[in-house]
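Take a look at the structure set out below.
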Amino acid sequence: MTAVIKTHLPVFVVAAPLFVSFLLSPMARRFGWVQSLVVGVQGLGLLLAVYLAGMILKSSGVPIIYSMGGWPAPWGIELWTGSLGAFFLLVVAGVTLPISLYAVNNLSDEVGDATRSTRFFVLYLLLAGVLAGMALTNDLFNIFVLVEVATISCCGLVSARRGPNAAKAAFNYLILATLGSGLILGGIGLVYMITGNLNMGFAGIALNGVWQDYPHVVWMAMSFFLVGFGVKAALFPLHVWLPDAHSTAPTPASAILSGLAVKGYIICLVKILFGVFEVHLLDVFRLDQILVLLGMLAILAGSILALAQGELKRRLAFSTVAQVGYIVLGFGLMNIKGVAGTLFYLASHAVIKSTLFLAAGALISATGKTHVKDFAGVGRKMPITMGVFSIASLGLVGIPLFSGFVGKWYLLLGSLEVGNLTAAGVIGIGSVLCAIYLFPIIRTAYFEPAPEDDWQDPGVPQRLALVMLGIAVIGLGVLPGPLLQLAQKAAADLLIIP
Amino acid sequence: MLELGMALFSGVTGALVVASLPKATERLRRAVVLLFSVTGMVFSWRVAIKIFNGGNIGIIAQLGGLTWSLDPDPLGAMFGLIASTLWVFAAIYSFGYMERKTRPQTYYAFFLISLSATLGVAFSGNLLALYFFYELLTLATYPLVIHERSADAVKAGRKYIIYSLSGAAAILIAIVLTYIWSGKIDFASGPILVNTMRPGLNLLLALFVGGFGVKAALMPLHRWLPAAMVAPTPISALLHAVAVVYSGVYGILRVVYSVFGRELMGTLSLARKLPWVAAFTILVGVIIATQQDVLKRRLAYHTISQLSYILLGAFTLQPWGLGGAILHMISYSTLKVTLFFCAGIIAERADETAVSRMQGVGWSLPKTMIAFGVASLGMVGMLPLNTFWSKYYLMRGGVQSGQWSLALVLIGSGIINAICFLPTVVASFQGEKAKSSGETGGNTMLMLGPTLCLAGIALLIGLYPGIVWPGVEAVVNRFF
Amino acid sequence: MKILLGKVLINYPYFAAVILFAIGSATVLTRSNLFKKLIGINIMESAIFLMFIAAGSRRDGVVPILHMDDSLRPYINPLPSALMLTGIVVSVSVTAFALALIVRLYRFYGTTDAKRMSDIRNGVAKE
C-alpha cells in the first residue's frame, strides 16, 4: 500500500489540489468545510513536497520519473521530479499554505459572500495545483495546457473583486496573456515540427542533431518562447498588465500572483530553454547575453517605476517587475553560482513578496487607506503586521541574515565570476533603489504619530500566516542549507554539469 | 570569548531592556543605559588589553551558508576601545540633553543598538561580518538621525540612508570580487590579496575606498554628514564625529592593511593618488568649515577634514604614518566630542547656534567655553594637547614616504584650523554677558561633567602620550 | 524567383498561418473595442492551430487508422490534430471568460470601447 502511494506521489501532489478544487463548488453552503479542506490540502501538499525534496536530496539529485497512465516516455506524458522540480514544488507548497491560511475568514470584504469566496478558493486551488504541475511536468504540450489553466485562474482571481477596475485589469491581463500563450504554442509547434517530439528530454536530443539545418526555426522558436513567457512573467517591457492586475486583485490573490504565478512561468521558460535548447544552443544564439540585458533593464526600470508609485500595492507590484529582472538576469549568467543564486532568489522573493502583499492587504483593510504616506503610526497599532512587513522589506533589500541576501550574494558571485561588473553594479543599484522605495513606508509607520483611530492586527489565522512567512524570511537567510543545496543541484542539472 | 560576547551584546541587550520598559521612570531608564554602556566599555577594555598582550579571541559562525567571524586584532580592539569609552561619556551627556526632549525610549534603545553595531564593526574578523555590522550600523543610527522628526530631519535621514546604502552596495560587490580572486575573506591570515597580481585591482580598491569613503566622509562623498547634523547633539557628537564615521575610516584602514596589504598597495597606481584625495579633503573641508556660521555645521565640515588626517596617515603606508593615524583616532575623537558637547550646551543654555553671535557667551558659560578653547587649541595642534603628537607622527609618516608636501598640507591645515575656531573663543569672552540660563542645574551638570572630563583626558594624553602608546605600538607591529 | 514561388506554394498553409497571426495580433494591439480585441485573439489562435495541423498533414496521406490493405501508405500525423482539439477547448474557454468580463464592463460603463472606458474613469476621478 505504501509502495503504491509512494510511486504515485508525484501525480498525487499535482492532482490533489486540482481534484479538490472541483469538489468545492457544491460545498459552498458549508463554507467552513471549504476553508478547512483548502488549508488541509495545502498542508498535505507541503508535507509531500518536503518529503519529495528530501528524497531528491538524499539520492543527490536522481530524478523520480512518473509516466502517466503507464505509457513510457516518448509516447506518454512524464512527470519528472528532478531537483528543479522538487525545489519549485517546495516553494509553491511552502508559500501557498500561509496564503490560504490568510484567506480564511477574510474574504468577505474583498470578494463577497460564501458563494463568491468558494469560487475564489476554486480558482486558488486550481492555480496552486497547476503551479505544482509546472514544477514537475516534462512535456511541452503539457506546459501549454498548464500555462493556459494558470492564466485563466489568474485572471479569474484578479476579477474576483467586484467593480469595473478589477474587470478591466483582468481583461487586459487576459488579452495580453492569451497573446503570450499564442506565442508559446507557436514555439511549441516549431519545436515539434523540427524534432517530432513533445517530451522535453527527447525533443532536446533530437534538436541537438538537427538544429544546424534549421537555425532560423530554432531562433524563431526561442524568441517565441522568450516573448510569450516574457509577457506572462511580466518581464520588462512586457509588464504593462501587471501593476493593474496585481494591485486590484484581492489580497491573497495579489500575494499568490506576485509571489508564485509569475515564477511558475519563469520556471517553465527555464525548463524549455535549458531542457530543450540546452546551454550549448543558448550560447550559440547569444541568449545568455539577451537575458542578462533584459534582466538589468527590468531591475532599473522596475525599481524606478516603483519609486514613482504612491499607492502601496502598486508600488509592490512594480517591485515585482524589478525582482523578475534579478531572476532573469541570474539565469542569463549561465554558471552554477549564478543559476543557483537566482533559484534561491526566486524562492526568497516568492516568500518575501507574498509576505509584503499580505501585510499590505492587512494594513489597507485595517486602515481603509491605500497611499504609502497614509500609514503613519501603524507600527505601534499593528505590531505584528508591520513587524513582518519590515522583516520582509529588509529581506528584499538584501540585509545580511535575511533570505534576500543569500540569493543576492550568489547572484553577485555568479555575475562577477563571468566578469560582468555591469550586472553586479546593477544588482547593487537595485538594492539601493529597493531601500528607497520601501524604507519610507517603514519610517512613516514607526516614526510618525498615529491618528486616534482604532486600528488592529488582523485575526488569528492571518497573524499566523504572517508570522509563518516572517519566520521563513529569516529562516531562509540564517539556515538556507537544504534549499540552497537543492538549488545548486538544480543549477547543475540545468547547466548539464555533473 | 566571554569578554567578546559581553562587549558585543551588552548594547543589544540594553536596548531590549529599554524597549521592554515603556513606562519606566526616567531614572530607571538612565540606570539601565548607563549600566549597559559601562558593561560594553569594561568588556571592550578587557578584550583590548588581552589583544594588545598578544592574546587571541575568536568566534566563528556558519550562518546563511557563509562564514561570519569575530576575531579582533589590535586595530579592531583599538577602535572598539575608543568607541565604547566615548559611548559612556555620550550616555551621561545624553541624560542631561534629553531631559527636555521627547521620545527618550526610542532614543536610548537605538543609542544602545548602535553601540553593539559599532563594536561589531570593530571586532569583525572577516569582510562579511564587517559588512553585516556596517549595514546594521546604518540602520540602527537612522532613527537617531531623524529623531527630531522635522522635515529637515527626514530629508537628512533620507540622504544618509541613500549615501550609506550605496556605499554598502559598492562594498558588497568589492567583497565578492575579493572572494572570487583570492578565495578567502578573513583578516587573520595576513593580507587577503597578498599574492594576487591581476588587472582590476585598482578598480577593486576604488570600490572599497568609495564604499567606505561614504561613511568616512571622503570628499566628494561627504554631503550626508553636514545634513545629518539635525540629529540631537550627543548623536552628532558620537555618531557623526566618532562611531559612524570611524567605522568608515576603520573600513578603509582594514582594506589598506588587511585586504590589500601595504606591499600590494605600494604597487597600485590608484594607491599613490589616494594621499592626495585625503589631502584635498583636509584642506577643502576645513576651508568650507571656516565659512559656516552655524556652529554644528562648522564642526561637521571640520570633522570631514580631520577624518582625512587619519586616512592620510594610513595611505602613506609607513609605520610612522599608521602610528600617527591611530594616535589621531584616539586624540581627535576626545577633542571632537568635547567640541560637540560644548556646542550642545551653548545651544541648550544660551540658545545660540550661530558662530557670529557668540559674543559674551563665554562670560555666562565660562567652563563650557574654556573646554571649547582647549579643544580648539588641540585642533590646531598645540603642544600640551594630544593632537600635537598625532600630527607630529603623521608628518613623519608623510616625510618617510617621501612626500614632503603632505607635511606642508598638515601644517597649512593647522593654521586654517586656528582661523576656524580661535576667533570664536576669543569673541565669546568679549562684549557684554549674553543672555543665558547659566551653567547651574542638574541636567547641565550631567552635560558639563563629561565635557570637562574629556577635555581633561585630552590634556592628560597630551602630557603623557606614553599611556596610549602600547596600544598604538601593538597596531603598528601587527602590520609592519 | 520560380523556386521561391514554388516554396511558397508548397508551404502555403504556413504562409497563411503567418498572415493570419499578423492580422490577429495587429487587431489585438491596435483596436480599442474589446470585442475586436477578442476576435483578434481568436484569429491569432486559429493561425497557430493551422500551423500545427499543417505540420502534421501530408499530401496523399491517409487517415491514421490501421487498415490491413494499405498499412504501408503514409498517413497523416494524428497528434497535432489531437493537440489542437485541446487548444480549441482552451481558446473557447478563454473566449467565454473574456466575454463574461466584457459584459461586466459594459454594465458599468455602457460601452465596449477601451478608450471611452478610460475617459469615463478619468472623468470620474476628476469629479
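Going by the order they are written in, the chains are A, B and C; count residues from 1 in each one.
Following the convention adopted for this analysis, a contact is a pair of C-beta atoms (placed from the backbone, for glycine too) under 8 Å apart; a residue touches a chain by one contact, two chains touch by 3 or more.
Model, not experiment: these values are computed from the prediction.
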Topology of the chain contact graph, where touching chains are joined (line, ring, star, complete, other): line
Chain occupying the middle, per Cα centroid: A
Averaged-CA centre spacing for the pair chain B and chain A, given as whole angstrom: 45
Whole-Å separation of chain centres (CA-atom averages), chain B against chain C: 69
Whole-Å gap between the CA centroids of chain A and chain C: 28
Chain B - residues contacting chain A, complex: 63-66, 106, 128, 131-132, 135-136, 139, 143, 146, 149, 154, 157-158, 161-162, 165-166, 169-170, 172-173, 176-177, 179-180, 203
Partner chain B, residues of chain A touching it in the complex: 394, 397, 399-401, 405-406, 408-409, 412-413, 416-417, 421, 424-425, 427-429, 431-432, 435-436, 439-440, 443, 446-448, 477-481, 484
Residue ranges of chain A in contact with chain C within the complex: 141, 144-145, 148, 151-152, 155-156, 159, 163-165, 167-168, 170-171, 174-175, 178-179, 181-182, 185-186, 189, 192-193, 198
Of all residues in chain C, those that touch chain A in their complex: 21, 24-25, 28, 34, 37-38, 41, 44-45, 47-48, 51-52, 55, 79-80, 83, 86-87, 90, 93-94, 97-98, 101-102, 104-105, 108-109, 117, 121
